[in-house]
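Both complexes shown next keep chain A, but they swap its partner, so chain B is in the first and chain C is in the second.
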Partner chain A sequence: MTPPDRPRARRSARGRFGEKAVLLALAAAATISVLVTVGIVVVLVEEGALFFTDVPITEFFTGTQWFPLEGKFGVLPLLNASIVIALIAAVVAVPLGLGSAIYLSEYAPERLRRVVKPILEILAGMPTIVLGFFALDAVTPALQMVFPGLGLYNALAAGIVVGLLITPLISSLSEDAMRAVPNSMREGAFGLGATRRVVSLRVVVPAALSGIVASIVLAISRAIGETMAVTLAAGTIPNLSWNPLEGMQTITAYIVQVSKGEATRGSLQYDSIFAVGLLLFVVTLVINIIAVRIVRKYRTVYQ
Partner chain B sequence: MTTNVDPEKTAKDSPIEIHLATGAADGGASPPAAGAQPGATSAEPSLGPPIFRLHDLGVWYGNHHAVKGVTMEVPKNAITALIGPSGCGKSTALRCLNRMNDLIPGARVEGRVLFGDEDLLSSDVDPVDLRGRIGMVFQKPNPFPKSIKDNLEFGMKVNGIKPTAERVEQALVDAALWDEVKDRLKAEAFSLSGGQQQRLCIARAIAVEPEVILMDEPCSALDPIATLAIEDLMKKLAERYTLVVVTHNMQQAARISDQVAFMTVEGTAEGNRTGVLAEVGTARQIFSAPKDPRTEAYITGRVG
Partner chain C sequence: MSTLETPAPPPQPPAAATVRPLAKKRARPSEQLFKWLVVGLTAITMAMLIWLLTSVLIRGAGSISWAFLTDKPSSNPAKAGFNSALRGSIVLMMVTIFFAWPIGVAAALYLEKFAAQSATLTERRLRERLATGRVTGLGATWARTRLWWLRIRPRVVHLVDVNISNLAAVPSIIYGLLGLAIFVGVLGISKSLLAGGLTLAVLILPIIIIAAREALRAVPMSIEQGAMALGATRWQAVRRQVFPAALPGILTGTILAMSRAIGETAPLIVVGGVVYSTAVPSLNPLDAGNEALLAMPLQIYFWTDQPQASFQAIAAAGIIVLLATLLVMNLAAIILRNRYSKRW
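This part shows the complex of A and B:
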């Protein structure tokens, strides 16, 4: 019954050439992306260090005024503006994003889900400068009806459009996390006489919590790094204030302003963008690390 | 072999009717205990009065007729096993008893399922409410990613039962899990072994004080020792609850059940496969003297 012993064709060493080429190409791609990232960090640190030889780091972190032309380099107004706008964005995006994630994952019929989810994701790919216009042309005028006297540039409108921008991020990632919850768990809850609302909110959401929290944290990190929409909508006047109705300049908006060419290369003002850029990098890096930690720590592995 | 008719099998030609006869004659005596019944097969133990009466039950998934024509009764305070080859619709039929099929888009159930006097399939019946009265244990243990205690309290809260420490303890005692977990009620349910998780799921079902517990291949993901523990538990539970158990394991059905329903698959002209009930009877009758040739072929291992 055993098949006749047929000598197997020997493969020449050259036959393996393709394997090696692919391996090399892939390794090169990986190496390049790592090197570029390292390069960016090196440049940021180097140039940032140059700035800190002129401006003491304590002044940078404690000063409450950012007037580069007057030599006042207190970063708090910029950092504050970034945080205010990110928080407004989160207030907008968390309920919207979570709501649509729960709806899509637990309530929507499959056919509707297949239509709606890509549409939501298109919103995430919207050029942010378009959202900036939208803030100036639509959101601020609408807000002015509620808050008469609201200036054209204000943090609220900026925060709202950034919120719209990160909503799909939250809804898409949260929905993925919720759909990863095995159906057997839903059935277990339904089988005990739970309503769909209880199954969604008390079983699926808690079971997917790590993914949901990670999506929110990542979205906030994205909001802090967001540039064009806030440059357009919140203005370019540094302003240390928690009042969202005022205009304020974020870290990213400042970088845009300076790198647009207002400062000559080598000036202190020019170097300052590397310092604030470094700060921005550290802030988002820390947030992302937190997100990864959350996912690792609370991830429940379902069989 | 199939022509070798058991002389004790009297007049009735349908297994369903035979069961109806024994059920009707019984008038409420306790399960397997009693011996001879006048007018029924002398060797068959008696079964209690029915709690479910299924009449011409069928299930459609879209255009697929998954199960058709299931007519049988489920005796109270006894274990009924649904056996049969894969794809015969035994789980599908089981899921009609607590309206779990409602959750599947495109699923449609026809026929009647009387639970007491009420037709479970009627639109007046709230499936959410029903599932509190008819509990379910699934193929794979599916505890919630919460603590052992929270797993038990979940169902109680959902059904408006005040979650007290006594109720938690009682459910765990009844599910033969208390001694193993009493010192770590706050521990994650996932930290338990598979067999313990399944007993936790049984405890979770008991904790809402149902009248019936449906079990869908509850031991298929467990090792033999954990399986025996669950089987012992099922026999104990049958003193207080009605159990309907789907199993692919005939030995298990023989060990635990009072009544056995054998389902099989019929091919249709369109190439669809539809599950049908071939035979229902007491466990002893099905395993010692099956009337339907398909049952005999299956239990003797010639098919399936």
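This part shows the complex of A and C:
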């Protein structure tokens, strides 16, 4: 089994150097994507560490007040606001997204589906600054009719527009999961006399559950990292509260607020945006890993 | 179990000879209710989108004019124009694409066409060479290193894969922090269009890699194998056959990645702050390092953040221009996909 390589080797020997250089250049490009991750982690940890030399980590995680100018660095109000708004967004987006997904996958005629799906996805591609403007200019005034005395900045309007942003994420991914359920399962259920509602809710949704749950988890991660809509709509005052009618500042809104002004490099405020950025990065990373785990662990593969 | 209980029809009296018509089943109220529920939820989502678009259009349409597109920014909302922001965004996109495209496509080529290929032949040749015992010292070490690399390569590639999909899910504001610390802090680039463009390039790099890999994967292996059977090396086959065939798909993905970048606000604020400048940026991308960081979404944010209602109107006008740009880019992507993509 010795390869008859003599005549071929001579010819390819000439082209070899160039090919190897090209291959090396391509591999270097692929390495850059790894360097980006390394860069993010190094930057956040290094600058964050500077912050934690001045502010004890226990105070950071247990303090209930965030007033950087007075040296009070308790991150709970910011974290709480990010969670409150993400939860409101989920309350808005889960019914809308799942309803649309069930409609598109189980009820809608194919031609209608091909029109509706891209229209829903326009929302996902909408720049978040537009959603922020929409919240301030239209959603909050509308809410003020329902809740008189509602302030211009409130978590509810922010949560609603972020919910709109993540709805297509849930509907798109869930619909893909539902369409991956083989037709034979639907036909079996129909054959036993099940109605379309029963087939949708008791056969298709359970079979696609891992994909549906993962889409919701991913959408929540996206909502926590969302910046411009919450900065504009929820305001810039740290506020540890569960009341969605109040204004509150999220982690991302704080980073924007500091960046807008001139925080000089090396100041405690400059370092603090990296510390909260590190927290944000870890939180979203953990949520994303959970989503991947859910898919891998509970996925049923149908051929 | 419960699946069986629900639809059970009540037993028919045997006297009635007529079979219960099937159509009646569909008319049950719970069925109708559920159908209208999912239709309603879909309709609400669409209605919200329509509400968003119409409220922006009504608010901003009055301020759209040729002068709005050609005027400089001003503290007087009646005179303020969008020209600097437009120019800033154009230069930003040029810088972004200049850095992100070659790196993204090269990474995709490597991951899809080289790293994933089996290396049984090379491995066997290396083993044979080591077995003869004629290679010693440095040569043997080099051969062993290559063998080791070939063995761990699949795992490394898998890690890079996971890494890229994770990067695509990192919040965009984190990229702003990266740009602030690396491009402005370490490399000492001023808070300019160049720093902003580089940051956006890093942001869309994973998106371009993922899109380009999908386009490359859609080209059937037989094209490449055919070229190699005729004597081409793998690189020649990829460069002359696979890459041109995948190009429309790659470009479509690139346009979509750019439409993500052009609407990004948060990373630009973190890198450059929100500057009020009446300067008009030059369209020459080589000057990007000296131009203040201005862009459409930044200008919109600046105006939206002002309390006066007249600024809200021009913010809406700015949004209309931004959305129109996005519409054109997406249409271009769709046309490109429909006209040039091949079905194999």
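The working rule: the second predicted complex is superposed on the first by the 273 of 303 C-alpha atoms of A that agree within 3 Å, B and C clash if a C-alpha of one lies under 4 Å from a C-alpha of the other, contacts with A are read in each partner's own complex, and residues count from 1 in each chain.
Everything that follows uses one rule, which is that contacts are C-beta pairs under 8 Å (C-beta built on N, C-alpha and C of every residue); 3 or more make two chains touch, one makes a residue touch a chain.
It should be emphasised that the depicted structure is a prediction, and the values quoted were computed from it without experimental measurement.
When the shared chain is aligned, no partner comes close enough to touch A:S241: not chain B, not chain C. By the touch criterion stated above, A:I122 is placed in contact with chain C alone, chain B being left untouched. Applying the stated contact rule after C-alpha superposition, one finds that A:Q144 touches neither chain B nor chain C.
Touch criterion met: A:G225 reaches chain C, while chain B stays clear of it. Of the two partner chains placed around the shared chain by superposition, chain B and chain C are both touched by A:A194. When both complexes are overlaid on chain A, the residue A:P109 reaches chain B alone and has no touch with chain C.
Legend: residue contacts after superposition of the two complexes on their common chain; A:A207 is shown touching chain B, with no touch to chain C. In the superposition on chain A, contact is made by A:P182 with chain B only, not with chain C.
Taking chain B and chain C in turn and counting the residues of chain A each one touches, the greater count comes from C. On chain A, the patch touched by chain B and the patch touched by chain C overlap at residues 189, 192-195, 198, 202-203.
Those residues of chain A lying in contact with chain B across their complex are 109-110, 182, 184-185, 187-195, 198, 202-203, 206-207, 300, 303. Taken in their complex, chain B has these residues touching chain A: 98, 100, 103, 105, 128-133, 135-136, 138-140, 142-146, 154-155, 158-159, 190, 201, 204-205, 208.
Across the complex, chain C meets chain A through its residues 2-4, 6-8, 25-26, 28, 30-31, 34-35, 37-42, 44-46, 48-49, 51-52, 55-56, 59, 102-104, 106-107, 109-111, 114-115, 121, 125, 160, 163-164, 166-167, 169-178, 180-182, 185, 202, 205-206, 209, 233, 235-236, 259-260, 262-266, 269-271, 273-274, 297, 300-301, 304-305, 312, 315-316, 319, 322-323, 326, 330.
Interface residues of chain A facing chain C in the complex, by the touch rule stated above, are 3, 12, 15, 19, 22-23, 25-30, 32-34, 36-37, 39-40, 43-44, 47, 95-100, 102-104, 106-107, 116, 119-120, 122-123, 125-134, 136-138, 164, 167-168, 171, 189, 192-198, 200-203, 218, 221-222, 224-228, 232, 252, 255-256, 259-262, 265, 273-274, 277, 280-281, 284-285, 288.
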